[in-house]
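Once you scroll down, you'll see the structures, which are given as structure tokens.
Two complexes follow with subunit A in common, the first pairing it with subunit B and the second with subunit C.
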Partner chain A sequence: MIRRLFTPLTLFLMMLFLIGPFLIIVAASFSAGETLAFPPQGFSFRWIIKVFTIESFRQSFGVSMFLAIGGTLAALILGIPASYAMSRYRLPFAETVRFLVSMPIIVPGIIVGLALLRYFVIPVGMSVTLALFVAHTALILPYAVRVVSASLANLRADIEEAAVILGSSRLGAFFRVVLPNIRGGILSAFILGFVTSFNQVPVSLFLSGPGVRTLPIDMLGYMENVFDPSIAALSSLLAFLSIGIVFAAERFLGFSRYV
Partner chain B sequence: MSDQTYLSLENLSLAYGKTTAVKDLNLTIRKGELLALLGPSGCGKTTTMRAIAGLMNPVGGKIVLDGRDITHVPANKREIGLVFQSYALFPHLTVFENVAFGLRMKGVQGNELRQKVEAGLKSVGLLSFAERKATDLSGGQQQRVSLARSMVVQPKLLMLDEPLSNLDARLRLDMRSELQRLQKETGMTMIFVTHDQVEALALADKIVVMRNGAIEQIGTPEDIYNRPATDFVADFVGFENIFKLRDGKLIADGKEFALGAECPNAPGLAWRPGMVTLGEGPFSGTVLGVSFAGNIRGYVLDTPLGPIRAEVDAARPAYTLGEQVAFDLPVASAAPLHRVG
Partner chain C sequence: MFQNRAEGLALALPAALFAALVFLVPVVLLLSEGFRNADQWTLSAYVDFFSQPLNRTVFLRTLKLSALVTLVAAVIGYAAAYAIVSLPPGAKGRMVGLVVLPLMISPVARTYAWIVILGRTGIINQALQAIGLTDEPIRILFSETAIFIGLLQLFLPLMIISLISALENLPRDVVPAARVLGAGWLSVFWKIILPLTKEGLVIGGTLVFTGSMTAYITPAILGGSKVLMLETLLYQQVTVSNNFVAASVIAFILIVMSFAANILLKRIASARRSGK
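Entry: the complex of A and B
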């Protein structure tokens, strides 16, 4: 009897711990009261509306978007050719490259951030924006290489030869028959990279300067000073944005096949 | 068919890294000829084809097509078609777009493109499938798309890698006559690869038998079938009784055996099972096995010459297992081999 109840109970508790806080945050964002509290006092959209009027959120949202989109594109531009080369040719240092490329996942983000600050921003005068961009690109690169490699592994190499025999150059064959066939993988990598970058805290922690900080860091800062439900409102908005993106990706691309 | 050489391979050598796959291949094909590369798996047929197509650089030798040395011409400039064993259709494109690919590369557009693609699809009976995704078709249909894709660009030479081996028995016969028809209609010079001697004999004007990266024999289907040059070819086309010859005597089991008649001056002789005479002759053996195959009956005899395989008319009374049977290996019908071992 106890054993039969054990599994569903564990499951229930896990769901409660994972989803419960999220539901509380969502509920709190519709509060009509002045402070972040649960149960919420009344119901209103005032905090949701307020989020859009806070200047620093607007700015840091812009920075985060730029990093997420720009960093992911840069990671793909580096990662696609690298994955292609590793999958199609026997390169002498393929294993080393694979290892180096996955370093940013292994090394704690806070160390990456600190290292960039200590050795590039401070002594060389690299701009914080550039440092953030480099850090996010490096962080996304492993995901890009993995996801793109997986879809390349499912693609026969002989279709490129078929394209060449039919008159296409090698490079043309890459664009005409390789890229179109791995576009699902590329889009998946893009979404994964986007979400990873957007939610990134540790790497970005040390890398903030006047007017340049990512949204999660900005939210941390805001919470230290102001304790109103707008932070809950923003969190809910971001969570629904992420869920929406992943849901759409799964619906239209079969996202989970590649990750 | 003209008498002039159209494609020639001169001392062609091919290797994967340090492993030699094909060595010193010499071969000529005339325009309009249908040539079969025949040989067991791993003998270098695909490798040879890939080199002709330009997908692989030779380590030595020369490829000349239509009077032009193409050894160093890149694959996309050779105008040679290749139907891959795996078909290699583009999975993201429709049947129509697959067939249109090569034409688009040549800059063909609009109405002309549509007409040519449709004519190509029609010739392989797949016009109604034009808008389907290529990889949604069955294996046999995919192969015909692949064939149409290669043919619409009118290559100087069309090569097919094992075009029949992935098809089931029925489709194989259909495809065989289809290939023959297309070749007749277009007069295209074709090379096809097969490891099946029946296919090669049925389709080809000329057969090249390969073994371990080298040519064993080149000849017409009649040459190959009736006059195999080596024990390897003889075995491949069904001569199951093959013997070395020394000073006019058969060598078997280290011993010499005199034949009933004067032997030709050759290093070996070979007999098909049907050429062995049973019931009379200077030799005798014990019946080890009997198999009934409709109009004929096959026997395996245990003899001082080693196992002998014979086939006789099934209407004749059957020998039973363990029975002593006299037999002869008639020199007149034997195929003399030019090389043994």
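Entry: the complex of A and C
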């Protein structure tokens, strides 16, 4: 009897703990009441609608979108050639390069942000937006290199050698043979980078400045001062956005093969 | 394999230079701040740091909570992973998907949920008052307990995933065989499951431990400004006290921890590849 119950009971409790809080947030965001509470008082869309009317959220959403898209693209532009060099060339200092580009994943984000602020952003006199952009690019670079490297490793190197022998230029072989074959890996790297950057807090903590903040930082500030369900509403919206992106990616790309 | 070294280097150089310039150099400079006093190298900042009771408390609390989260995650993780592995293939895939799902949701959103649950008017307090266990709302938020719960929920999926892949490699018949031969569940776990899934446990454990050590959002939201962990202390040292030397000391501690964990993981991964 106990044996028969073990599996369903364990799974139920685990899911209650992992997913339950998220469901509560979703329920709370449809509340009609003034304060955050569960069970929600009544049912309405007022907080979902209110989220879109808060000016600072609209601004920081724009900043976060720009960083997630721009930072991921920049990381790919840096990361794809580096991954290609590491997998196809007898590269001097290959280990050093690998170590350098994968380090931002090991060092805690808050330290990256502080170090960058004190020893790069301030001395160079960089704008807040550019500083955040550089930091997010550095943060995504390890993911981009890892995912693109994995998909390069699955692609046989002799097909591009064949293309070169048959008269294609090295560059032409890359764009016409290699790139189309690692398309799925690049898209997966893009999605992973996007989600990572969009949800990132510690790196942006010190780098955010007056008027320019990322959405999660803005949310942290808002929830310290206001105790209404709008953060719950915003959290649910963002969660569904991330889940939707990842779901679509898994369906159309087989995302989990690369990550 | 192309032999042209210069070409290869030219392709890799932009990424490497970028990482060195915006990453390696600033971090090294930041860390060196903690070892310098005027013009000489010294450890006095570290002595200062650990001589203050508050810093010691925060340091020990961070270690304690991280270890506790790792331990509890391992216990729950084994039960959950074992249950998931024993499911039929289709249900197993969906269940793994549900375990991974929270990792895609913003940690701010995930942590915020606990305010609704643990707060003064939250579900727990409502329930306690309803059944008459307490008259006044008890304080659960802004405590070590709240941070512990938040961290456990944040990092448990990593442990479960690591243990699932370890348990899947467990030879099919060993557990039933041991049972038939008369071993109790506890000795099956200690003598068979644990030794054979040790690698998965170490991988999951390192991910959970370093994740907890270096978490910022959870202690910031659920610990408040009083119950600090190393990352929130670092933030406070910079923004409130302007004490960059102390910040550098904390940064060094966190980096050493992360690197040690990372080296451990690499060791295990390479030992597994070479087939030991």
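Definition applied: the second predicted complex is superposed on the first by the 247 of 259 C-alpha atoms of A that agree within 3 Å, B and C clash if a C-alpha of one lies under 4 Å from a C-alpha of the other, contacts with A are read in each partner's own complex, and residues count from 1 in each chain.
Just so it is clear, a residue touches a chain if its C-beta (ideal position, glycine included) is under 8 Å from a C-beta of that chain, and two chains touch if they have at least 3 such contacts.
Note that this is a predicted model, so its numbers are computed, not measured.
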item	value
More subunit A residues in contact [subunit B versus subunit C]	C
Subunit B versus subunit C as contact partner of A:V226, first or second or both or neither	neither
Partner chain in contact with A:T7 - subunit B first, subunit C second, else both or neither	second
Partner chain in contact with A:I122 - subunit B first, subunit C second, else both or neither	neither
Which of subunit B and subunit C A:L91 touches, first, second, both or neither	second
Partner chain(s) touched by A:I24 [first = subunit B, second = subunit C, both, neither]	second
First, second, both or neither for A:S236, with subunit B first and subunit C second	second
Partner chain(s) touched by A:A163 [first = subunit B, second = subunit C, both, neither]	first
Contact set on subunit C toward subunit A in their complex	1-5, 7-9, 11-12, 14-16, 18-27, 29-30, 76, 79-80, 82-84, 86-87, 95, 98-99, 101-102, 104-110, 112-117, 119, 121-123, 153, 156-157, 160, 214, 216-217, 220-221, 231, 234-235, 238, 244, 247, 251, 254-255, 258-259, 262
Touching residues (chain side subunit A, partner subunit C) in the complex	6-7, 10-11, 14-15, 17-19, 21-22, 24-25, 28, 35-38, 78-79, 81-82, 84-86, 88-93, 96-97, 100-101, 103-104, 106-112, 114-116, 118-120, 134-135, 137-138, 141, 145, 157, 170, 195, 198-199, 201-202, 205-206, 216, 219-220, 223, 231-232, 235-236, 238-239, 242-243, 246
Sites on subunit A touched by subunit B in the complex	155-156, 158-159, 161-169, 176-177, 180-181
Sites on subunit B touched by subunit A in the complex	53-55, 75-78, 80-82, 84, 86, 88-92, 101-102, 105-106, 149-150, 153
